[in-house]
Amino acid sequence: MKLHEYQSKKIFDRFDVPIPKGRVANIASEAKQIAEELGGRVVIKSQVLVGGRGKAGGIKLARDPKQAKEFATEILGMEIKGLPVRKILVDEIVDIDQEIYLGITNDRTCRQPVVIASSSGGIDIEEVAQISPEKIFKLSIDPLLGLQDFQVRDIALGIDLKHEYWKQFIKILRGLYRAYLDMDATLAEINPLVITKDKRLIALDAKMIIDDNALFRHPEMMELRDLDVEAPAEIEAQKYGLSYIKLDGDIGCMVNGAGLAMATMDIISQFGGKPANFLDIGGGAGATKVAAALKIILSDPNVKVILINIFGGITRCDEVAKGLLSALADVKTKVPVVVRLVGTNAEEGRELLANANVQTANTLVEAANISVRLSTGGKL
Amino acid sequence: MKLHEYQSKKIFDRFDVPIPKGRVANIASEAKQIAEELGGRVVIKSQVLVGGRGKAGGIKLARDPKQAKEFATEILGMEIKGLPVRKILVDEIVDIDQEIYLGITNDRTCRQPVVIASSSGGIDIEEVAQISPEKIFKLSIDPLLGLQDFQVRDIALGIDLKHEYWKQFIKILRGLYRAYLDMDATLAEINPLVITKDKRLIALDAKMIIDDNALFRHPEMMELRDLDVEAPAEIEAQKYGLSYIKLDGDIGCMVNGAGLAMATMDIISQFGGKPANFLDIGGGAGATKVAAALKIILSDPNVKVILINIFGGITRCDEVAKGLLSALADVKTKVPVVVRLVGTNAEEGRELLANANVQTANTLVEAANISVRLSTGGKL
Amino acid sequence: MSILVNKNSRILVQGITGNEGNFHAWQMYQYGNNVVAGVTPGKGGEWVFEGKVPVFDSVKVAKEATGANVSVIFVPAHFAGDAMLEAADAGIELIVCITEGIPVRDMMRVRKYLDQKGSKLIGPNCPGLITPSEAKVGIIPGNITMPGNVGVISRSGTLTYEVLYAMMLLGIGTSTCVGIGGDPISGLSYIDLLEMFELDPLTDQIVLIGEIGGTDEQKAADYISRYMTKPVVAFIAGQSAPSGKRMGHAGAIIESGSGTAEEKIKALQEVGVQIARHPEEIAILLNR
Amino acid sequence: MSILVNKNSRILVQGITGNEGNFHAWQMYQYGNNVVAGVTPGKGGEWVFEGKVPVFDSVKVAKEATGANVSVIFVPAHFAGDAMLEAADAGIELIVCITEGIPVRDMMRVRKYLDQKGSKLIGPNCPGLITPSEAKVGIIPGNITMPGNVGVISRSGTLTYEVLYAMMLLGIGTSTCVGIGGDPISGLSYIDLLEMFELDPLTDQIVLIGEIGGTDEQKAADYISRYMTKPVVAFIAGQSAPSGKRMGHAGAIIESGSGTAEEKIKALQEVGVQIARHPEEIAILLNR
C-alpha cells in the first residue's frame, strides 16, 4: 500500500525525522491560509500516488499567499497520469545547499533490510544507480540485531557527509529505520533529504510503501487508503480476498493461483486472444468467493467470454463448480463460459457443470483455444 | 536499584500485566478511604525493600475500612529489618485458586535472559529451587531474537498450566518481558501470579530491580529512588562516582579498584584488624574525588586510622597525592593516615606525600600491618 | 531415491486442527502413513484421523514423542512466523510452510534464525513438495504425478500441478517436485534445489518453473551454466503481464523494467535451457 | 611465545581522542610501536602522537588502511556496545573493552553478536592484557611486570597489578597477563584462558585471581581438575565481604549465600590449586 507524501511525512514526524512546516489542504482557500501562517512563500505539491509530479506541473512555488491560492486552484483541478488531484500539501520553502538520497527497503537477495544512500539526491535514484553506481552506497542490516549507530556512521562516510552534519544524520536515519520497522514498510524513502543553507537536515519529500501482508498489524492504515488509485472492481475483489487486475482485452479469466493465472493469460495471448484481466481466486476458494469473482469479471463490459481454469490443490473443484453454478444462476449472463477443472474432487465438479450445460475443456491449450475462438466471434 | 512493590506494579500496569486494584498511601486515613473505594476488604502491605514482610507483620488483611485504618496506623509505625515503613500499598483482596511463580532475570552462565516459572508460587523461589528443583521450569531467551510466543507456550506447558489460562498467561509474560527489556531490569518478578476463583490471572506481588549501569537511559527512575535504604554517606559517595559501603570496623579504607579494595579489607582482617568500610575510588580518580572520599570515610566516627592503597593504572598517583593533601589540608583530621602508592606516576606521588609528612608504606602487607597496629592503639 | 523427503520422513503437521490443515493432513495421511503427529497449541492430548494421529501442544513435545523430522505448517499468517521459529528451535530439519500472506519483516527474522539453527525451509506461500508414492508434504495433489526421473522446482502452486499433470498424461513421472513459493523472502532457492537434483542419482532431468519478479531465475541460469550436467527445461509465467502491477504473489511484480519474463527466458536460453511456450509443452520437451 | 597478543599485533584504539583513551594509548604507544591507528567518529583525518598515528572515522576504514587486528576500546559506557559491534563487524579478531558501567542488556546482545562473528572479546570493565616487552593492550602499567613463564588471569584490575608487582620484585615474569573483567556478562572466561595457557609452550604455571560473586571460579576448578597439567596458584578477594552488598564490580556480589570466597577457595583447593592468603603471597607460592 503506497502512502501519499503528506501521510508519509506525518509518520516521519512521529519518528523524529524533521520535515518542513506545512499542512495538507483540500481546497484552494486553505492553501492561502496556510501560506499566510508560514510567512508567505510556500510550495504547493499535488498529492497523487505517481512519480513525475514535478514534470507534470503538479508542484509549484508560490511567492505569496495570493499566488498560493492561484496555484492551489490550478493544481486541484489537474489530473496527473490519469489520477485526479484531490489534495495538496502546502509546505514552507527552505533554502537548499545540498540534496541527499536516503532510503530503506527490503533486499530480496540478502533477505535483509538495506539502507541506500547517495550524495546525489533529488533525482531519480534508479537513474543514478544505472549511470553512476559508484554514487550509491548500500548497507545491509542484520534483521535480528537491527540498525546500529556504527552503521549509520558508515553510511555518512559512504556519502562523504561532512562531520558537522553527522549528529543530525544519525537521528534522521535512526528515525527512518524505526518508521520502516514499526510501520512494516517495504520502502521508506527521503528524496531529497536536504541540507539547508542554515545547516539543518530536512526531509523535503517522503515516500512510504506498507507491506500489504502486514496491514493486520496496522488497522489505522486502512483509513489512509486512497481509493482513487484503485479501480472499483479491484476494491470489490479485495473484500472477497480475490486478487484482480483489470487489463485491456476481452477474455475474462478466473484462475486459482497467481502463476497459473499468468500462464493462462500468456497462452491466451499466444493464441492471438487478449486477456481482460488477471484474477486469482486464491487457495481454498468456496462458492461465495467464486460467485463474487464471476460478478467482478462481468462488471467489465469488454468481456466477451470467460475462461475459468481451476487446478485443484487447496481449492476443491466441486466447491468451485457449485459456486460457479450458483453465481451463473444469479447473474444470468449471456457471456459464454469455458471451464477447465482438474485436481482435487475434479470429477465431481465436472459432473455438476456438465449437468448444467456449461462448456468444459480437458487441457489448458484446449480451453484457451475455445475461448479465443469465442472471443473473435467464432463458433465452436 | 530495587523498586518498591507499588512502583513495580505501576510499571507492570503500563505493560499490560494485570494487577489488583489499589493505591499507595502515606497516612492511615488514606488507607481507610481507599478501602471504602475498593468495597471494604483490602490488604495493607508495607512498602520496604526487604524480604519477609509478611512474617514481620508488615502485611495484613482488613475486613472493612475501619480495620484498614487501624492496620495502616500500625504498619506505618513499624520498622522492618531496620527500615522504617513510610508507605503502604492498599490493594483489593482477590480469592485465590492457585499461586504461580514467574520471573525474568539475567543468566550469567548462558549470558541471556532467562524466564523462571513454577507452579509453586507464593513462597521463596530459591527454597523451591533447592528442595524440589523439578518444580522449577527455566527457559533461556536469545537476546537478539527476543521472547517468542512459542516459548511462552513452552513455559505454560512446563508448569502444567491449564489450556484455558494460556491466553491470559501469554499476554502477561509478553508484558513482563517487555517491562524487563524496556526498563533495563536485572529482575522482573511476579510472586505470586495468582489464578483467582473467577479464573483471572493477576500479579499479586511485583518486584523489579533496575540495572544501575542503565539508569542513564531512565532518568525518570531517579525520582523513584528510596533513599531510606541507603546510608547518607553512600548517597554522598555516589555523587562523586565513588563506591562506598559502610562496615562495622575502625580502619577506614580508600582503594582504587574493587578487587584490590576487597583484598585490602581481607588482609586487614587477617592481621586482626576490622575494616570500617569498602571504598573504591574507581579509575581515573582526580583530586576532588579523593578529597570527597576522605571526607566520607571521616564521617564515620568509628574510624581510628585510614589506609589508602593506590596502585596506579587508570589512576595517576600524583593526582591521588594532590587530592589527598588538599583534602587533608581541608579537614585537618587527627586520624592518622597510612598511604601506599605504586604504579603510574607513583614516585611523584610519594614525594609529594613525604614532603607533607604523611606516613607511607611500600607493600600492602606493611601498610596493613601499620594500620592494624595504629587502630589497636599501638605506636609505630 | 529422491531429495528432501522419502518414505522414511516422519511428518508433523502444525495447525492440524484448523480447516485447511486438517483437510490436507488427511490427504497426506491417506497418501501414505508418514504423518506421525500434529501440533495445535491448546489442543494437546487430542487425537485426529480416527485416533491414529496424536495432537500435541508444542513441536518440542511432538518431536520428543514421535521422532518427527519434517514439519509442514498450515497456521494463519499472523502465527506462521512463530510456528517456523518453534519448529527450528525444536530441531526440525526440514520446515515446509504452506501459509501465504506472511509479512516480509517476519520472514527476514525467521530466515535469519533458521539459518543460524541449520533448519531448511521450503516456502512460505508454497504448495510444499512430493516424492511420488513415498511422501507428500503439503498440498500438491497426490493423484496428478507418479514416480519418475524428473526433478521439478517451481515458484508457483497450481501452475506446477498443471505441469505434473501434463507429464503424467505422457507417462513421465517425477523424482521429487518442490514448490519453493512465490514470496520475496523464502527458504530453499532454485540454486539449492538444482544442486540437490544434480547430486540425486535418480533424477535425470529437471523442470524449472519460474515467473516474473526478482532475479532468481537469472541466478539459476548462471548456476546451470557453471555446475549442471543434467538437462533443464523451463517455463516462465507472466510474459503478458504489465509492469508495475503485482500479480498475486508478493514477489511477482515487474519493477521499473526489471524482472520481466523476457529477461529470464533470455538468460535461461543462453545457457542451453529449453523453454516451453505453455505449461503443457514442458512435458513434450522432456526426454522420455 | 604468549597468548592472544604479541609483538606482531596491530593495535587499534577506539576512543583515542578522549581523555583516558588518549592517555593510555600514549602509554601503549611508548611501550612499543604497535599502536597502528585510532578511531573517533567525526575526527577522521586527524593525527595523534606527533603525527605518527592516524585517526579514522570508523573501524572498517582504519582496518583497511592499517591492517589492525586487535582493538582496545576506551569509549564511554553509552557508546561502548556500539563500538564493540563495530569492531566485530569490521572483522577485528580480538576486542578488548576497558570501559566500565555498560548495561547488561547491551552486553548480552553484544556477546551474542560477537560469538556469531567469531570475534574474541576481553572485558568489558577490565584492565586489558599485556605480553611483557611485546604488546600492552589496555591500562596495565608496563613497568610492573617483565617477560617470564607465568600466565596470569584475573577478574580484577589493580589487584592484578599488585600481584604482577609482587612477582617482579621476586624476579618472576609473565608470559601474558589477561584481565577478563568484573562484569556479569563478559568475553573470554577463566576456562578459555586456562586452555590457551595450557597450550602455550612458554607458560609453565598459571595465576588465577578471582573474587566473590558468580560461579566462574568453581567452573575453572572443575576445568583444572579435568584438563590442566600445569600448576595453578590462586587468590580470591572478598573473604571479609558481607553478603548482599555489591562490592564495586557489577558481578561482585554474594547473593543468598552463593558466590562466597569460601566456596571458591574450597573448590580450587580440592583440585590441587594452591591458595594465597593475600595478593603478595602469590609470588611466594610460585615456582622460581
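When the chains are written out, they are named A, B, C and D in that same order, and each has its own residue count from 1.
FYI, contacts are C-beta pairs under 8 Å (C-beta built on N, C-alpha and C of every residue); 3 or more make two chains touch, one makes a residue touch a chain.
No experiment lies behind these values; they were computed from the predicted model shown.
Trainee: Starting from the Cα centroid of chain D, hunt down the chain whose centroid lies farthest away.
Mentor: A
Trainee: Roughly how many whole angstrom separate the Cα centroids of chain A and chain B?
Mentor: Those two chain centres are 54 Å apart.
Trainee: Just how far, in Å, is the C-alpha centre of chain D from the one of chain C?
Mentor: Centre-to-centre distance between chain C and chain D: 50 Å.
Trainee: Scan chain C for residues touching two or more other chains and write them down.
Mentor: 109, 113
Trainee: Where does chain B touch two or more other chains at once, residue-wise?
Mentor: Each of 142, 144-145 in chain B touches at least two other chains.
Trainee: Can you tell me, using the touch rule above, whether these chains form a line, ring, star, complete graph or other shape?
Mentor: other
Trainee: Can you list every touching chain pair?
Mentor: A-B, A-C, A-D, B-C, B-D
Trainee: Provide the residue numbers of chain B that touch chain C in the complex, in ascending order.
Mentor: Touch list, chain B to chain C: 142, 145, 148-151, 153-154, 157, 163, 166.
Trainee: Please give the residue numbers of chain A that touch chain C in the complex, ascending.
Mentor: Touch residues, chain A against chain C: 106, 108-109, 111-113, 126, 142-144, 181, 184, 186, 211-214, 216-217, 243, 245, 247, 255-263, 265-270, 275, 278, 280, 282-284, 310-315, 342-344, 363-365, 368.
Trainee: Under the touch definition given earlier, write down the residues of chain B that touch chain A in their complex.
Mentor: Chain B residues touching chain A: 144-145.
Trainee: Using the touch definition from the top, list the residues of chain C that touch chain B in their complex.
Mentor: 41-44, 57-61, 79, 82-83, 85-86, 89, 109, 113
Trainee: Sort out for me which residues of chain C touch chain A in the complex.
Mentor: Touch list, chain C to chain A: 19-20, 24, 27, 77-78, 100-109, 111-113, 127, 139-141, 144, 154-162, 165-166, 182, 184-185, 209, 211-212, 214-215, 235, 237-242, 245, 247-252, 256, 261, 277-280.
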